[in-house]
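So the structure is just underneath, and the comments pick up after that.
So that you can tell them apart, the chains are marked A, B, C, D and E in the order they are listed, and the count of residues begins at 1 in each.
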Amino acid sequence: MEKDLKKMPTPAASSTESASLSTTQARLVSKTFKKRSTWASVWRQLRKNKGAIAGLVLLIIIIGVALAAPIIFDYNTDIIQNNIRERRQPPSADHWFGTDEMGRDIFARVCYGARYSLAVGVVAVLFALVFGVTFGAAAGYIGGAFENIMMRLCDILSSIPSVLMAIAVVSALGKSTLNLMIAVGVASTAPFIRVARAAVLTVRNEEYIEAARAIAVPEWKIVVTHILPNSLSPIIVQATLRVGSAIISAAQLSFLGLGVPAPAPEWGSMLSAGRIFIRDHSYMTLFPGLAIMVTVLSLNLIGDGLRDALDPRLKS
Amino acid sequence: MSRYIVERLLMLIPVLLSVAFIIFAIMNAAEGDPVYSVVSADATQEQIEAARIELGLDGTLIQRYFRYVGGMIKGDLGTSYVSKRDVMQTYMMRLPNTLKLAAASMVVALVISIPLGIIAAVNQNSIRDAVSMVLALLGLSMPNFWLGLLLILLFSLRLGWFPSAGYEDGLRSIILPAITNGTGLAAFMTRATRSSMLDVVRQDFLRTARAKGVTERKVIRKHALRNALIPIITVFGVQFSNVLGGSVLVETVFAWPGVGRLVVDAIEQRDIPTVTGALVMTTMLVTITNLLIDIVYAYVDPRIKSQYAKKGFKLWKRT
Amino acid sequence: MGDHTAKLILDVKNLVVRYETEDGIVHAINGIDLQLGYRETLGLVGETGAGKTTAALAMLRLVPDPPGVVECERLTIDGRDILNMPSAKMDDVRGKDISMVFQDPMTALNPVFTVGEQIAESLQIHEHLDKRDAMKRAREMLELVGIPGSRAGDYPHEFSGGMKQRVVIAIALACNPKLLIADEPTTALDVTIQAQVLELMTTLKEKYDTSMIMITHDLGIVAEVCDVVAVMYAGHIVEQGTLEDVFNRTKHPYTEGLFNSLPNIYNRTAMLKPIKGLMSDPTDPPPGCPFEPRCEYALAECKTRNPDLVPAGPTHKVACLAYEQEGFHIKRRI
Amino acid sequence: MTKVRTVLAILLCMSIMLGVLGCSPSSTNETDVPTDAQPTDAEVEQEEEQATDDADAEVESETPDASGEYKDRIIIGVANDITTLDPQGSNTDANMMAFTLTHETLVEVDPETNEIIPGMAKEWTMSDDGLEFTFAIPENVAFSDGTPCTANDIKFTFDRAKDSSFTKAKVELVTEVEVIDDTHAKVVISKPSQDFLMLLAHQSMSILSEDLVNDDEFGYQIGTGPYAVEEWTPGDQISFVKSEHFYGEEPPTQKIVFRLIKEESSRLIALQTGEIEVCIDPLTTDLTYIEEDEDLELVKIPNFVMLYLAINNEREGLDDVNVRKAIAHATDKASMIEIGYNGEGFVHDHWINRDQFGWYDDLQPYEYDIEKAKEALANSAYEPGDLSFRVIYNDTAKENMALILKEDLAKIGIELELIKLETAALKGILNDAALDYDFCLYQFTDNLGTDYTLRNQYGSFEQDGKLVKNGSNRANMKDAEFNRMIDEALVELDVEKREAMYNDIEVYLNEIVPIIPIATSYINVGIKEGLGGVRWNGTAKHDYRYVFLEQ
Amino acid sequence: MAEAILQVRNLKKYFKTNSGMLHAVDDISFDVREGKTLGIVGESGCGKSTAGRTILRLLEHTSGQVIFDGVDITKLSGNKLRKVRKDMQIIFQDPFSSLDPKKTISQTISEPIRVNRILTDKKQVEERVLELMKTVGLAERLINSYPHELDGGRRQRIGIARALAVLPKLIVCDEPVSALDVSIQAQILNLLKELQNKMNLTYIFITHDLSVVNHFSDDIAVMYLGSIVEKAPAEELFNNPLHPYTRALLSAIPVPDLRHKRERISLKGEVVSPINLPDECRFANRCFECEARCRRGIPPLLEVSPDHFVACVHHTPPEAAGRAAGEALA
């Protein structure tokens, strides 16, 4: 300590706030006045958005179904076991959504499929998020030649249509659920690089970053404690919206026969398998299709709601 | 401005080389030796080797890449392993279809999204906003191949209004694919329009316009929309680029012989020259589209125009 | 009083504006009366959140609805009833009889149209000129505000801040309005440019016999350009009078506080005496005098009763209960 | 709340709309759409017979009515793209159909009788030792650009065939082609082959023009057939117009188009809406639409394709014949057909293709019997639970079949992992020297003679003292005894003896179970009512040369 | 006269732009006395903020020296620089962007304490935070509030508390009150003054508001286009402005006092951008006293009377003028 702390003046007369607590009580102060996190205020904003709430409710139901599915249904007997005698039955009391061409109960499969579709969507986006945000944030923060190279790379990546990119990647890696996730992830990395970079660029020039530098916060710590948390909003919005499109992309790949391998009840594969029966047995595609639609819709509603809630433009 | 354009076009060269390399690398990593798509199932080892050399599949990836690039510089995109046709020629046969579909899809998307987006923004947080956005989102949430099948069932089979496949029936053939494609795109553009309009309707200059006595209708149509166009054009550009190569599923469902299908089939057959060539061409188109979009910006927004004029070329836009 | 109206360019009686938001009702303006004679310049002074801009927008009937709700007993401009005018007709009044100059010249101009077009638009609407004539007049207007007419084809971004504000003034004055409302027209400008713009405005005002409302937080500007002054605090007018009344015979404690908060360039060692505390939350105004929580003269009664604006001289009015006491005066040294 | 309600309302509307679209049967045919789409076994069998009859009836070639008016252009909706116009450059059915139109082979096979009939060569002779064939072609044979076709071109074609991996095997025996004069060519082979002419009937042996091929990069696409390629848009369509220089009978239709419509449902809809006249391979589940439609006709042709489970005989566990027998008993072929082909096919227990020479009627098949499978496994060196394998395949039908196999094998304690691959990747694995697979669901299509089939599917040859498997020998079977048996049968000139020898080979194979034959399917084709003149072919290489549609 | 705690010598900061070199700070020199306030005043774009940041090494300088406490800090790096940083702090103009919106008051104020290991014990840190809050006049109940929940004045107090947390000797106040309302502005100015007296702080007070700078500073430097054109004690500068720009600036201040009617000097034109400037007096274009000799080189900042420096040919002692002209010609 170079300076004596006691040099600090005691409360001045000019203080405009009444200091009501004595120093002995001070120890408790930070706990007495509960902090409300910024997420709480986002939640307050979000709560006003009925669409987002509807989306949230739907999504919670879908996640609930996904979590409950393995408890309610046995994978080996209810989900993948063939029952040829009961195939292609229309919806009934026994089979709420009917049965598919292998005689499997579509309701059970749709429920179970939520696990796959959500997992594919979420993992693919996580993949894109981790890579995109790392490189994008680094590009925005470091700048210079590195940024230049990253952005060129990003341009190149995004000039190849994402479906084709995903198909190429699946072909390269082989068909499996994990590879599907990676393929969809790779194809949606570029937007994350862009968003993260833009967010970091915006934040990087804020005065509080300079302030942190002025109080000698090490650079890495500035990135971790100041830049990243403040760049998160657009990234979170982007991620929410991308999960939806990742689910659609996965379904598209399944349609082209490059999706989750059978007999796993992924919605896209179900849609793809059922599409040949669409004329007479449309329930086979109707329910997985609706499931995809509702899930993507709910994610988009939430994403749009989050965007509105996080967007400073819409406040005040 | 012309300097800007020339420099942007020059930048195409490294981009195309990189795209070619990426595709080369990916296709090389792919399971399944491309040579098998060419030889018969019971070919002997020697035959396979002979075919390999004939196809130019010998040597390391790098050697092959440089061989390919050597041809690319001369405008030769190689010959398809499978059909033995010139890739450029094959691509050019598909391109008009793709362009037609892309253009029609964008028209559908624009017709849907601009009014919806404006209605949503001008009536923010009202019922009309909610309905517009949900409509837009529905288009996005429906897997488009499914929508395509449903449209075929209804409009081709039941009602017989439009053909279900092919492209020879002029406007009638393009309507269903364009709707299928366009509704998905419309979602993004409605969103962009809405958020861009929301940005603009809060701007001070609209207040200036109102204070001058400009009617509300004209304030939105003339003063606001023109300013809102920039982000809309960006999204338009991105979407257009995407449909230039990426409407594989719609092309499949409607038997629309476009570029996307060409690439997918070629990927399946490990037809590396076709995949690489078509994607290089697509990249070029996309880049040129982006350039055109940038030029359109300049006409919509004079600020950007003077930026181009002042700076000439800048590697990347920092904002 | 009735006859009096004819001599007024602006007559506002009991104007109330509130914004009904989801977070609560913001009481922006709580019943103000304003009267302005022809060729007069009124300085509307107050700090952020006092309701100055909202008052101006209300006079143009441009308060966004929703969330804004405007209530008023009387609102006439040049003797015309603005309050009950159909909105289509209102478009004819805006820009023609009454125009406005906004605070930030950087954002007040539409970036995608040339400045000439933006000036001409007003002329096309109100003077029904064809495009060419309108552009010709626009160039003349530019010359008038000190910009070469040849620059009419340039876009706003090609002008500096001060020049843009000149363009905004040209737009506002294009149709020779009877009343010009200037909302902090120089806040965003540097001090030397501010001087230029103020000079221009006063010159043009004289030339065109325009009445003006100058909205500002800067008492220095008021001293230079205004004839009469109204001091606003939390949606109320707390003091009103001629320049002399308000500056040299200050009555309201808030006005006093403002003066005491300003560093005096002629006496650099004088201690600043800031007003304590903050302006109250407009969604939850105090029941009595709005200034009571910050007022050093506050009486018990001030907590419950909201003072009316009462005469304190022939041209001077003040809203302070302390004056109901005999012999009360504020401390400000003049 | 209003927003929520809007969302729900819209969702509801959507689902109702979808429901109406999909669930309700077509309004015109409400009466006979079965709500329970499950045929009983008896029904299935009945359908099968019916289908066979239909097919036989269809195959009879109709001749156009000379007085009738015919449609100028016939569009055929195909599922697979034409990939090349070089007859020697591929062997896909799609391509072969094109070559049938544009090119000619020296001889042809009658799809009904499976006998050799004249092609370009109107007559031929075989020397007594069976080593020399002399072909005579008409004088006025010409390529579609007008170039006359001579015996030189035959020689050229045979020489060129030696260089292509697709045709090499077909001309392996040929030692020399001698041009006798313009219209006569003599082909010399190294050892007698009863199936040699069969090989020459394959479209990949279409006669090419020496001059054209040498002059022009795409010269091979010009042949002597009744049609010439007009325009080819890869991935889209190919059109053929009548050749002015065709020497034979003039075809009734001006223009034939093969249009690629990959999506099966779309293809059938295109037929229903009149966009195309022929729909190859509609979905088996959609066949009722064709049957119900008065304007359409369904053609069913029993296929020559044999679907089988390839077993890599050298894999640990699979080298045990008892394990293979156990698997054979555990294979529920009927269910596989039901699921994979929607019942449109029949069980195949033999080792050669249906109707091939040497088919042994009394062969004892491995019936589906889990108990017997368990017994067989008990005879092997392995216990239930010891074995786990992976099966590779490339499409949905096979995937569904694999799912059934997976379940049945699980019952006898063998675990099966399913791996779906893209066709190219699958071929890559099958053809790779490492032979890294256990099982593969695969098929072979040929009617080029029993020897060709057996040799390719199960044969091996000696190289450096070791046996090396033949290209298509997916079983990786290396059996010197079997090789000897087929070599002997090939040169046997006595027909009856030869048939008996092939019967013996079938029995021999049945004992060692190198693969598990599963099924033969039907080829289904939807056509416009009134369409005729097509020679439907069990190898899917239909002959459209004389197709016509009455107006 | 107090000792100079900070000496700035020939400091330059140039930025590379697409259209050329931007001379944001172009060769400025001055001393700041310990415990005193140097006001830097100028219009937007004159480089005053850049100068402040360059002195703190928040921006890397192009050339020149910044000697703080006898050490040339432009040559420091790593730990040494971090140590010096503790002694030099900054208070920003915009109380909205200078606080991390995701951090509570407590987090913001405690960050410098934690990062610089001034205190490590959690309780001690909290006590210290509360102490600082009291010092700047923030109620304890706000400890866990977020910046967006507070008004500008309170935010500015947080900024001050954060700067004080490391017990600095020098604080650069970059327009600390220009975003605030008049009544709040006075509160903050008083607070800063009080802190200076109690903690013997040295300020560099950057502002465009002449009446504020007059009130607040001991010495004032007037900047124009990257250069200091005049520097003098506050009293002297206001009573006897020499540079034409200073005079124009002073005359342009609107004064809320009806008794002092002043002669206004109206300047023509506007500030040009400081890119690729010609080698002449920066103010020549707008100067109402411009002569041909003004265009011959940049006039140096010279002491014309004790402690009064001015860079104008009209106020240059003859011998110095000759020297300057000679230099320019050479």
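Points worth noting:
Note that a contact is a pair of C-beta atoms (placed from the backbone, for glycine too) under 8 Å apart; a residue touches a chain by one contact, two chains touch by 3 or more.
Since we're looking at a predicted model, the values are computed, not measured.
Least step count on the touch graph, chain D to chain E: 2. Farthest chain from chain E (centres taken as the mean of C-alpha atoms): D.
Of all chains, the one whose CA centroid is most distant from that of chain C is D.
The pair with more inter-chain C-beta contacts, choosing from B-C and A-D, is A-D. Chain C and chain D, compared by their mean Cα positions, are separated by 89 Å.
Averaged C-alpha coordinates give centres for chain B and chain E that are 52 Å from one another. Remark: chain C and chain E have CA centroids separated by 33 Å (rounded to whole angstrom). If you average the Cα atoms of chain A and of chain E, the two centres end up 46 Å apart.
Among the residues of chain A, those in touch with two or more other chains are 16, 50-51, 171, 174, 275, 278-279, 285, 289, 293-294, 297, 301. Multi-chain contact residues of chain C (touching two or more other chains) are listed as 276.
Along chain B, residues 30-32, 130, 134, 138, 149-150, 153, 157, 252, 268, 270 each make contact with two or more other chains. Against chain C, the residues of chain B that register as touching in their complex are 203-205, 207-215, 223, 226-227, 300-303, 306. Of all residues in chain B, those touching chain A in their complex are 14-15, 18-19, 22-23, 26-27, 29-32, 124, 130, 133-134, 137-138, 140-143, 145-146, 149-150, 153, 157, 187, 191, 195, 198-199, 202, 238, 241-242, 244-246, 248-249, 252, 260, 263-264, 267-268, 270, 275, 279, 282-283, 286-287, 290, 315-316, 318-319. Listing the residues of chain D that touch chain A in their complex gives 1-4, 7-8, 11, 14-15, 18-19, 21-23, 25, 33, 35-38, 264-265, 283, 285-286, 288-289, 335, 338-339, 395-396, 399-400, 403-404, 407, 418-422, 425. Every residue of chain C that touches chain B in the complex is listed here, in rising order: 60, 62, 88, 91-96, 99-100, 102-104, 107-114, 118, 121-122, 125-126, 155, 157-158, 168, 171-172. Across the complex, chain A meets chain D through its residues 50-51, 53-54, 80-82, 84-85, 87-90, 101-102, 171, 174-175, 257-258, 261-263, 273, 275-283, 285-286, 289-290, 293-294, 297, 301.
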